[in-house]
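By written order: A, B, C and D. Residues from 1 in each chain.
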């Protein structure tokens, strides 16, 4: 059992390495086709793959995040020791990664939908892996149903294109999409927006995400948050920018507004979520929100034919995609480590982990810095590029209404950043610091080495992409050469800002140097630190862990300041009523089958009479 | 040589049916039953092979007419029959053990089982539409006996509703045929072959349109009652839920398709005539209606077998919608969907039967944690369920995608979009129902299957449904495409 | 000649209408037998008029199966559950009569104008009227047995329709139909008896366990 | 060279500024007040003392004191204090980098507070986070309001913009001035938002994080807080009153720059002392409203430019 498990994880790691290599090749500009493989003879249902630059970044992300999860899985698997057929989890993850790769490599509608549906179904099964715990199945089903409705919209979008171009091939779509009548284009755009943002967790279609991500096994959550929701972004970019080149002006505005709303609202909800994984799930929504915000701005600029600005914003979106993918993957691994050590991820039952599991908690701390966009880590670099893009756009449009939108976008960015910091401090301060709030937290120990290795690789990667983002973005800018109008790869605004290859490393050096220097000086002047421990001051009273501030307490000021944002509007005003009305009408319709044969006969008879009348009329018409 | 197969296909089941009534030792009857099944299937395969090779064939001076379309349905029927026949062995044995059935009833069960299949084969092989009608009515009668076999209150009620609704519905189909016949006689003078499909297929376009429309409407409703199209489907859940599970599998996997075959034949007649729009719109509307009506019943269902029955209503709606789209691509997809639905749905019904025997209840809320309690049933239920709702890589995913694509290509964007959304909703409902059985904490301890007969046969259709999703053997695709061409009114 | 045809037509109409509004199931069975008898005679007449030997056979079959065998089976089933069983109506008899008349009128109206070979075009409308009245019987009556009888009335209507439009279906088909009808009646009798045993009544209100 | 020297200048001047403000405030309130040099003495004393750590404290408590000073110095290196000439770090000197570094130091400070598991730190953290939620957008927007018209998102550019554009439309400069002043009052924990002198646990915000620190750790933290205060003043100068900052590298220019900087700092300090002297502390939930007002002003500044 154990060996076969290691075998499977190794296989996964190898596959991911291959995917990464593929993605790297794609970033180099390689573009190749394979197939077609006929599934159903003489029909458009053929499987065709194509490597294309834009997919390169996402493939790399998939590969790296998959490898991390594979390494992580080796140790994390003990968590599921008790389960029969534990190997299924590994195989499921393998299949999940494959399906995502199919989505990213698809070159026609059938292949894409095949990968997309497979991705959804497999992830559903993985999410409910702990299906015996109460409530898991409901959340999983919510996810499955939402995503299915989403893909129905996607299929509609694709098939409209098919009806016009008589082809399933994405290349044909790219070539002929802009020749469609504008109304049709807008319908396609809206359908694909609904379809993809359901998967990406953009509000108000996000409700499944904060329920599904926390319950999945942690490395599955990290793959979902780190990569899967990004595939939706990939699809959306393909439709909105590669095919329609940004489309009409209102497209971009819509996307940007949706993104801004999601970002701020989700970040706000993240500040008061109960469990670590739930906090992380909300923060995934807000990051996707920021990414969609930049995408929207990019579309807007493209529609205004400000190509360089558009490229800048697009670059920002992609760069944040990469960074968020990295640190969110590892953060979920960290959350998994906490679960592994304490079997709970509810903040109010944790505490003191920094003392009880120091090795893990240091890694988590660094990832946390990257998450809350603090230098010199990847998250910071991504946010900086976004800031630069939005600020440049704002400066360019300052005297036009578009400028106002850009200013709003900037405000959304700042608020999201501040709120994220809040969530991060709350997570770490309550979950990892202070006194343990439960025996589980008290007895927590550092997790197995493989899990820690995975964490530290993640740390290293996010640090590297923070320090040397310059070269990575230059590479990434190549990925954008797939856009209709070719432009100079790296926009000037970045080269002396976040991308000047000196800045971030120097700052890092200065901070590190200053810190060490200060330490050294103090040490020289005053000698070794003489420390003595004493209980924390509680006004002289006798101290208990419950005297500490709780997670709820830390977010309470916000709940008083912004009560509205914290109410789950979508749930209250859209989903609950919709669900209620569906059930209500269904119960009503079920009365049709009263059990009385004579009424059935009446239905039959009525149908016949109706059809005869129609036949008469129809016959008269012809 | 090939002329003999139709006779064999009819004779063997009838002989087996007769032999099953003879009071012999259990082992002998078992042998007879299995031999009958295998022999029938063998001859059906032979016939299908000849048709695949040589195209449509008429034998017995035009009494039998078998073309790729009927060959495909013959295959479906015989596969489902074979599997449910094998499953019945273990299932009925268990029922006898539990005292649900007496030994006499057991003999009757197998007798009616084979008689039922014989009538279905007859439907699929005769040329004369009148005989087709007779055979379809025959399926009602024979299967009604099987539905009522338990002699319990619900069983009798279900059988009664089944008989009354289907017989009265199908009567109107006969009226339609009479009109068709008389108008054919008016135009081409009297003759015995005036109701032959081969004759009408050549001449239907010349018949007066109003009369064609009237008779189509009548036949559509008549056979539609048997297919289980909303709002004529109300017998269906009752009969499916009360019949022994192998019979439910047979009803859902074979009988419904056989009845649909009756509609298909008439559609073929009218497809390229002046009355095509009427046919198309009727099919589209009733297809959507069946999907829409199936949803609430499926969503709130508490009885596992009724739930599956309503999913059959949905599937028939999908098939009819595909027929209504009316292009060769959609016809091919319909054939594919039909085949795979037959496989998956019969698997599901037989698994449901096993579960009902294991849990001693049909109530879904009481059947929980199947995956943990009985891994085999759980896995089969899960896989077949995913295949049914059209998850890749199973073939129904491809066929549904093809149907919708054809719908958009044929210029019904809004209808097809609605169709897609209904499909998504039904996906949710079905997944919810299956999910809450398969997963969760088991209500019962670990359970074993009474007999190997009830487990192994299920793997065959499951394997078929899985394989066809990724790879289709060439002869089969040839046959399917032939059937699609037949439905498109060519190959005549 | 035509006088006789008209008389038989009126006989058919009368028998059907009376059959709908009887008090006892048994009398309905008798009316059914009478109706089938008239049909067989009618078939005979048509056959002689059109010099079709097939029709003579069919007339014989009708006489044998529909006019004799089926009533006998039904009567025996009825004997098992009690000969004095009443045919309960779901609505008042007067309204039902109105319904019957409506059916005849609809039958007259919807009849497609197919020039029939023998007899007057009226026979088709009578046939459709019978068919509809059969449906009416099934819809309005509360007893299981009456639904079966309604079914047979429908079959008779179909038979007459075939006869009047095209001198009956091909022989093979007709034989098949007879067989079906016969088995259906057997099944109906069987089920009715068993239902009566299990539910201690054949009232349809009892048959409402399966719903939703 | 220059950047190093200005960092050193800030290091040295910071405690004195703190002392000066306290002294002046006392005078305004009619007390004699402590000597402006007291913060120096305090630092020296605390450096000599032993460290008392909470028994709940983890490595965070040992790391943060040094880290926060390092961060503040790094931030200082991004800021043009004496000269707008591009030094090694001024090359970027992006406001984003600068503010991120300050945010970093805030985060580390809050975690330090929570590390000891003291309820007061939690209380203070909640309040401080609520303020920062509005402070960060405000400071960002007001700096952009000054810089964006020339497309500048870094301090050198903002400086240039302030020197060149501000005279043309004083509206922007003055609106930004008010907004940034508001931010400074919050960030440096001054009345009417927070009272730096009190150690009454229930009311304090910034002091509450230092409650459990002692000895050299306390010294480091206090020092970095004092530097942060001067940094904020400098931000105000760069954005709104960039007079005296030399663009040439000559000794003369440098001395002028130093002189004007010291003067400006004293001026700002006196202003703060005045405000503190005359105003009473507000309720916690009055502060967000006040900050929202500041944010509104900043946005107005930005759009004011768009309009004018």
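Everything below uses one rule, namely that contacts are C-beta pairs under 8 Å (C-beta built on N, C-alpha and C of every residue); 3 or more make two chains touch, one makes a residue touch a chain.
Computed from a predicted structure; not experimentally measured.
Graph distance from chain A to chain C, where chains that touch are one step apart, equals 1. The interface carrying the most C-beta pairs in contact is the one between chains A-D. Among the remaining chains, C is positioned farthest from chain A, on the basis of C-alpha centroids.
Distance from the chain A centre to the chain B centre is 44 Å, each centre being the mean of its Cα atoms. Centroids built from CA atoms put chain D at 101 Å from chain C. Chain B and chain C have Cα centroids lying 31 Å from one another. Chain centres here are Cα averages; for chain A and chain D they lie 36 Å apart. Shown for chain D are the residues that touch two or more other chains, of which there are none. Of all residues in chain C, those touching 2 or more other chains are 135, 138, 147, 207, 209-210, 212, listed in ascending order.
Of all residues in chain B, those that touch two or more other chains are 160-161, 164, 168, 210, 214, 237, 297, 300. Of all possible chain pairings, those that touch are A-B, A-C, A-D, B-C.
Contact residues of chain A toward chain C in the complex are 590, 593-598, 601-602, 605, 612, 616. Put simply, chain A touches chain D in their complex at residues 351-352, 354-355, 358, 361-362, 365, 369, 372-375, 380, 383-384, 387-388, 391-392, 394-396, 398-399, 403-404, 407, 410-411, 414-415, 417-419, 421-422, 424-425, 428-430, 432-435, 496-498, 500, 502-503, 506-507, 510-516, 518-519, 522, 525-526, 529-539, 545, 547-549, 553-558, 560-561. Listing the residues of chain B that touch chain A in their complex gives 160-161, 164-165, 168-169, 172, 209-210, 213-214, 216-218, 220-221, 225, 231-232, 234-235, 237, 274-275, 277-278, 282, 293, 295-297, 299-300, 329, 332-333, 336, 369, 371-372, 386, 391-393, 397-399, 401-402, 404-405, 408-409, 411, 413, 416-417, 420-421, 423-425, 427-428, 431-432, 435-436, 439-441, 469-472, 477, 481.
Of all residues in chain A, those touching chain B in their complex are 39-45, 109-110, 113-114, 117-118, 121, 128, 131-132, 137, 140-141, 144-145, 148-149, 151-152, 155-156, 159-160, 162-163, 166, 168, 582-583, 585-587, 589-590, 592-593, 597, 600-601, 603-604, 607-608, 611-612, 614-616, 618-620, 622. Chain contact summary for the complex, chain B toward chain C: residues 128, 130-131, 133-135, 137-138, 141, 144-145, 148, 151-154, 156-161, 163-164, 167-168, 171, 174-175, 177-179, 181-183, 185-186, 190, 192, 195, 210-211, 214, 237-238, 241-242, 297, 300-301, 306.
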